[in-house]
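Naming follows writing order (A, B, C and D), and every chain is counted from residue 1.
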Amino acid sequence: MPSDHFAQIRASFARQGMMQTFEAQLTALGPGHCEITAPILPLACQQHGAGHAALGFALGDTAAGYAALTLMAPGREVMTAEIKINLLAPAVGTRLIARGRVVKSGRRLSVVTAEVEAEAAEGSRRLIAVMQGTMVPVDPVPD
Amino acid sequence: MPSDHFAQIRASFARQGMMQTFEAQLTALGPGHCEITAPILPLACQQHGAGHAALGFALGDTAAGYAALTLMAPGREVMTAEIKINLLAPAVGTRLIARGRVVKSGRRLSVVTAEVEAEAAEGSRRLIAVMQGTMVPVDPVPD
Amino acid sequence: MPSDHFAQIRASFARQGMMQTFEAQLTALGPGHCEITAPILPLACQQHGAGHAALGFALGDTAAGYAALTLMAPGREVMTAEIKINLLAPAVGTRLIARGRVVKSGRRLSVVTAEVEAEAAEGSRRLIAVMQGTMVPVDPVPD
Amino acid sequence: MPSDHFAQIRASFARQGMMQTFEAQLTALGPGHCEITAPILPLACQQHGAGHAALGFALGDTAAGYAALTLMAPGREVMTAEIKINLLAPAVGTRLIARGRVVKSGRRLSVVTAEVEAEAAEGSRRLIAVMQGTMVPVDPVPD
């Protein structure tokens, strides 16, 4: 994978208002995998101060999408066709780490999974969500 | 359903940082159904300016959760066990309207669906996502 | 939709060994919808004599697939990309009725839902499963 | 885990008409995991002679359910609350091998995954489906 493909993905990530809102960072990227990390901010919480289900979803979905994009032709974009999340524990702690992974990369569909962990202040991690879904390549949208 | 049950649900919704961030409003609430409406703000967009998949997810998941809560005993809280989203079209327009509905309310599990529509400036609406999931009642968290 | 498209779908259904095993019948077919009915036979049961989850799945998945195929170009075949089932009640009674419906028909992907009901001996029906998934058109396989 | 817990699970498996129909065998069982193997019989095929999606589903769902049951209290039974399958390739070959695994075992809900492989006549294997779902413990049904 040429390094400009990676650079395109990082530029795409940087353009996402939602990722900026969550102060998310793309902390790892390689062929078929992607990691995104974000603090659990009050602006992304549910009624009891834990991270909203949609926060874990946003990070896991985005990580899975970019994981799929690493294996598509350079210059393509990626879109979620469908994805499912099973929540295992409340999103409590200082930050969430989402890791997306490609199960099967296809011409028309890529099947992906993601795991989301919550990290406590002292550094221990707990799996809080697993996801399984389908990403599709799309033509880039002209600006 | 006593009106203080509705009031509790509205108060729960008002405590959600994520819903405030998205400027979401609880626009309808009744036995077994709930509607949430939010503008498509730049802070909730993906790289091409459409609403992020997680925006539709956040609204649909929250609407489905409160739909389930309307049929649970007063004083309980609700948590998403799992939910799946199929995305049908990009979230473009001025606002999203998510409607959650209970398919089956049970003592341990409630099965729910949600539909998310995008509304254009001139008022036309387009279905952009469908969701199907499971909500569980939980004991309220002491403040 | 020309009647030979319907005839092709009925012929495709008749070739399915699994549908024959379950003694399933294609009981309704129209643009964007399909209904399949089958008895709850001991050969399709789980350990307590109710229909196995895979029986409802088989009928609902097949009904949803043919519902999608009715809206595709004649001569295509259809394949399940992914599908999810939520089980609401045990599959007890004399027969199951599965109804598939197209939510959105696309060139590359069709989003579908299915409902499965169990019918008691005296004729009453109970919803036992809901499904949501994605069908893809494929080129016919040469015999 | 006492050996009579294993024996109960094997006895439960043996009572399933659906597993007998598919000539499925419980080929491995341990704490939190279960493997089921079955030939791809014509009676379980779709219209082109590949295994029906419901065959892979049946094996993966059952493997995941018994994987969950190994971690529940002896004497309980297990039921699928919901499960999703992503199909990666046609179920062609001589047999399918489904492996269920527990992601999180809880008092009320267990989150599970399953992988289904197809084995060719010469012994090579190919991943054809991945599944993710929720199992619930239930009280045994009196005979």
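Definition applied: a residue touches a chain if its C-beta (ideal position, glycine included) is under 8 Å from a C-beta of that chain, and two chains touch if they have at least 3 such contacts.
Predicted, not measured: the structure shown is a model, and the values here were computed from it.
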Centroid comparison with chain A (C-alpha atoms), farthest chain: C
Rotation, 0 to 180 degrees and nearest 5, that superposes chain A on copy chain B via CA atoms: 180
Between B-C and C-D, the pair joined by more C-beta contacts: C-D
Distance from chain D to chain C - Cα centre to Cα centre, in angstrom: 21
Whole-Å gap between the CA centroids of chain A and chain C: 33
Inter-centroid spacing, chain C versus chain B (mean Cα positions, whole Å): 29
Contacts with two or more other chains, residues of chain A listed in rising order: 81-82, 84, 86, 111, 134
Contact set on chain B toward chain C in their complex: 84, 86, 88-89, 103-104, 111, 113, 127, 130-134
Touching residues (chain side chain A, partner chain B) in the complex: 12-13, 15-18, 20-21, 41-48, 52-55, 57-58, 61-62, 77, 79-87, 141
Residues of chain B that touch chain D when the two form their complex: 81-82, 84, 108-109, 111, 134, 136
